[in-house]
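Some notes on the structure that comes next.
Chain nomenclature is as follows: A, B, C and D, assigned in order of appearance, with residue numbering initiated at 1 for each chain independently.
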Amino acid sequence: MIFGSDNMAPVHPAAMAALAQANCGYTPSYGTEDAMKQVTAQIRDLFAAPEAAVYLVATGTAANALALSIYTQPYQSVFCHELSHVHMDECGAPEFYSGGAKLLTLAGDNAQITPEALHAKAGEYHRGDVHQVQFGCLSLTNVTETGAVYTPAEIAALTAAARTYGMATYLDGARLANAIVAAGCTPAEMTWKAGVDVVSFGGTKNGLMGVEAVILFDPQKAWEFELRRKRAGHLFSKHRFLAAQMQAYLQDDLWCHLARHANAAGAELEQALTTVDGFSLQYRRDANLMFAQWPRAGHDRAKTAGAYYYDMPGTGAPDDILGARLVCNWNTTSEEIAQFAALVKG
Amino acid sequence: MIFGSDNMAPVHPAAMAALAQANCGYTPSYGTEDAMKQVTAQIRDLFAAPEAAVYLVATGTAANALALSIYTQPYQSVFCHELSHVHMDECGAPEFYSGGAKLLTLAGDNAQITPEALHAKAGEYHRGDVHQVQFGCLSLTNVTETGAVYTPAEIAALTAAARTYGMATYLDGARLANAIVAAGCTPAEMTWKAGVDVVSFGGTKNGLMGVEAVILFDPQKAWEFELRRKRAGHLFSKHRFLAAQMQAYLQDDLWCHLARHANAAGAELEQALTTVDGFSLQYRRDANLMFAQWPRAGHDRAKTAGAYYYDMPGTGAPDDILGARLVCNWNTTSEEIAQFAALVKG
Amino acid sequence: MIFGSDNMAPVHPAAMAALAQANCGYTPSYGTEDAMKQVTAQIRDLFAAPEAAVYLVATGTAANALALSIYTQPYQSVFCHELSHVHMDECGAPEFYSGGAKLLTLAGDNAQITPEALHAKAGEYHRGDVHQVQFGCLSLTNVTETGAVYTPAEIAALTAAARTYGMATYLDGARLANAIVAAGCTPAEMTWKAGVDVVSFGGTKNGLMGVEAVILFDPQKAWEFELRRKRAGHLFSKHRFLAAQMQAYLQDDLWCHLARHANAAGAELEQALTTVDGFSLQYRRDANLMFAQWPRAGHDRAKTAGAYYYDMPGTGAPDDILGARLVCNWNTTSEEIAQFAALVKG
Amino acid sequence: MIFGSDNMAPVHPAAMAALAQANCGYTPSYGTEDAMKQVTAQIRDLFAAPEAAVYLVATGTAANALALSIYTQPYQSVFCHELSHVHMDECGAPEFYSGGAKLLTLAGDNAQITPEALHAKAGEYHRGDVHQVQFGCLSLTNVTETGAVYTPAEIAALTAAARTYGMATYLDGARLANAIVAAGCTPAEMTWKAGVDVVSFGGTKNGLMGVEAVILFDPQKAWEFELRRKRAGHLFSKHRFLAAQMQAYLQDDLWCHLARHANAAGAELEQALTTVDGFSLQYRRDANLMFAQWPRAGHDRAKTAGAYYYDMPGTGAPDDILGARLVCNWNTTSEEIAQFAALVKG
């Protein structure tokens, strides 16, 4: 009954097997190995983007900060949601990598930005005013930090709004697989066809050991990305082991199957809890994570029995209604969901 | 016959086994797992430093740049050898992490700094002169970039010299295991007993997949290190897999055995080549890597037969004497050394 | 009828005379001149702070960014009002000087922060959470950007609140003279006695050509400030001309007289406009600047006759009620106020 | 007998008069005043560069660091002489402004770089190697830090060499007027016609109070320069007083007359000292400053009589031959030169 984070889940056996298989003798280092060439070709195929530049890094924060840094000058800004990971959970990584850009935060339900909110915030700034930070780029997260999923149409509307200010769009895809599965679209439809310039395609939260792909749809940015990655210490010498994980992830659409499982578990968990007296969702759940609240006694029973998840404040609820963030993953079972729901229910 | 880099070598089976073993169900993330507590205790034991703070990162550049950043203010300098990895091979990572500190380079045989060279360079700067960058820290590498090993006494002399200018000392230990084995000293003798403030204890070049420990002998710097690591995207969510590798490395002194093997292979390779007409070393070899030169025909024969290593310029030699960097590793065999030497010899 | 900015006003004759007087032969450079020693002594006297370190820079943005940089690590935050100059009007200077710190913005009437707002925002962050930016410092502005004045008691309450999070307090005093005069307190009461750690004492907006003093009540920060100032290109070689202006400013309390005049002009202007139909203040006016609104016809008449000020949006008023920022200065006359009010009134 | 620095000299009366004249009522701020438009037009004329962007800052370090920052990415390098001001005397300002670029230093007589030295240093770096900092720009100083003057042809050869590596060239012209006068060329010949991309045209050392013009021959870099200037706190609100100084400097070629006087004084001083027993120059003198050495007794006599200059080490001379940096300026008189030489001679 571990709903703490998809980061706490084990690595999928296929990824472990790929690591073992990659450990065969001497191999060129720093991303020059053949496996990386294959990964690039496979991801270009998957995203229907034959020109895209593809890079692997080991953490989501590295993917985010590097991607933002190539689209944001130090005297520019990143438009992002006030609950976004890049703003709240990275100890200032985007500021560090960009050389001191300013993150401008927007409110919005379900940790989602609307074009209206973007225009309103942009209206506080003036492109030609030297006293203000300039428009840099827009950062979206899909699945959002509270568990909602932007549709391709919503993303397209946002990237179009951003482009009126000259802003490119980065899509933080730490859970991109879950978002694509939830939206029922193709990777291309959720990204470059919707106007996204650069996206991360996360593996770590979805069954890998530690790999995120960064996909640049404008290959002219590739060399700068490589230099910034090296300078940040994120170019791995034994890079073959990043490539091997990603190969396993792409093989037979493993990424898709794992995300589908996690999303289904999320739906099952929500469904199972719905009948709990006093249960409610604080945000819309579209994929594998949710913010929910229910009476204290249910929390006590579940935790005593070994359940694990993050406590959250309740939203304006009475003191005995406590909040929780619940995350399902590729390994979550119907049994633990049922057991957990029974405990909460009492 | 791969002498290109210890980075090209496979991962030791014990490390692979440890990864598999660590993949057992749900585990706390971001370094809070029990395995990391054990690693900390083991490294404190190994280095006889019960107060030391211990952290794991995945690349040598990350270890170097983070360690330097906590001892170098933006308006300060890093004293380092002109051939040092931090200066020549990290695309400016120390400058990035420190917020723009200046690396001041020193010459010296065998990529080694002497106290005299340090005093001479320091004499160009004045602590109280606001127009100049101030003294930050000293960065040493052991094994050096050209294959020599500082003795503990040499390190002690250098840290003492540095301290007269208020400079702390960082020891880049990407090959620290090889240096310790070569010097025949303890980890403590080569580090804090010789005045080193912070050291990296590299695993990646010595049989691991991608782990370097950073050991801070002053635990008051620990929290800043943690924040800078997170901010740089180098705090791993599935950190248990870094810890597992390091546990394997420490188990039964694996680090020591692997380094001893690699150093012995280095000596064997040097010995085997000594009888080649026109062979000479460009720098002193003390461990597992060497810079050497010999006639072009020997290069041609070896490469045609599949040998791999980095070409280097010859040192003032006639045009037909070409240079090479040769690196042995934990996996190098006597057979490939003999085969290689025979080819070179012709 | 120029109410555009106190920056548009001329330099007071006493400052011009001081510049001419300082131009007498050869003088040591870079702040080592005798005049600077006198300025330091005089400011220590004026602020009853015999240990304070005192520095001069030429712009308010330099004063702000340098002062914040010595109290904010790159992985920390600056708490400031959402309308503050440091956040809105400096193109990211605090981010640049701090090496990428994050400005966290707070709402509040009259561009003022309350202890409650500070605690609420601080409550979103956790000192021991490595994923978040850490508490850096609090930045206040007095006179605030919309024309209100914090009392010493209000400042003391805020610095005390900040200190519970380990945060020092910077006071942006681009209009400190006006604030002190309006509050009827001493410089010491408004600054260190109220818990302020570092303050700028602006001269440029109050009759000088371009000088701001930065006063550090903790002299241990002095050397770092000097290094950062030099590194930023803000240490003047012919520094004697900054010192001369500040000497004129301090002589016979010129700073006080000029600020009193400007504040009185502000009161007179408000008074004169109060009788205009449809006139209202958007924020409380305590000193020499105000945000006000009145019917469009009054704007048209005034501008046609040559009045100059910045247009601002009206606050929820009907379309024909337009906003304006009006700033008086040491040189504003009762005649131009009367003429302007008459035009607005029609 | 003040030969300490041209920074210690008074401001020319014409500049003082211009300041007084500029202090006439209200004026738009932040460089939007008419005077700045005139300065731009005049400088475009003077440099025969009708498209150039022209900006004013108050210090040489600001001019240098800003100019370099628009031609150097954080992951790039600045090639400069090992004695250059940007490397030795700015406390790391170029590193700060560029976001952590690396200054690569070259040796060379008279603080001058040769194309050969540039090619040799560039040969240590490889454009396509992600592990190394990339080629950024070349920084030259004219008059050099030791008093020599590059000819236009020498500069052209250097910018051509730089361009083979994709590097732009910045010319630090803190003493550009002296260099132009010494070379007997036009401003255009020394700058853009010789391949220079951006130059500073210093006024502070040549009779102004504190103004340096930065001239960008590629106007596409203008907006970035403006943003970086603001962000660094170097955009003056009462900018009219910078413009006024520069107007005085340009009026009737004042810059030229003052530089010619200073250079002539330099020649006169060298000539007067030549007959001193044991006198020698350490570097070639082409303009108004020189590094020289002579017996200790001459130093003692001069200093006792009130002469002021910077002591320098002698070059391999016997202990009783001491070095000195001697700088003449627009205000140096033949009388003080004669008096000084007589004292030195004894």
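Here, a residue touches a chain if its C-beta (ideal position, glycine included) is under 8 Å from a C-beta of that chain, and two chains touch if they have at least 3 such contacts.
Keep in mind that this is a model prediction, so the values were computed, not measured.
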Self-check item: Chain whose mean Cα position lies farthest from chain A
Solution: D
Exercise. Would you mind reporting the rotation angle for the C-alpha fit of chain B onto chain C, rounded to the nearest 5 degrees?
Key: 180
Quiz item: Once you count every C-beta pair in contact for both, which comes out on top, A-D or A-C?
Solution: A-C
Quiz item: If you average the CA atoms of chain A and of chain D, how far apart do the two points sit, in angstrom?
Solution: 51
Quiz prompt | Centroid spacing, where centroids are CA-atom means, of chain C and chain D in whole angstrom | solution = 34
Quiz prompt | Mean-CA-position distance for chain C and chain A (Å) | solution = 42
Practice problem: Would you mind listing the residues of chain A that make contact with two or more other chains? | Solution: 30, 74-75, 90-92, 96, 99, 130-131, 134, 227, 230-231, 235
Quiz prompt | Complex contact set, residues of chain A against chain C | solution = 74-75, 88-92, 95-96, 98-103, 130-134
Quiz item: Any idea which chain A residues touch chain D in the complex?
Solution: 30, 73-75, 99, 130-131, 134, 224, 226-228, 230-231, 235
Quiz item: Hey, which residues of chain C end up touching chain D in the complex?
Solution: 2, 4-5, 7-11, 16, 19-20, 23-30, 57-66, 90-93, 96, 204-205, 209-210, 227, 230-238, 241, 308
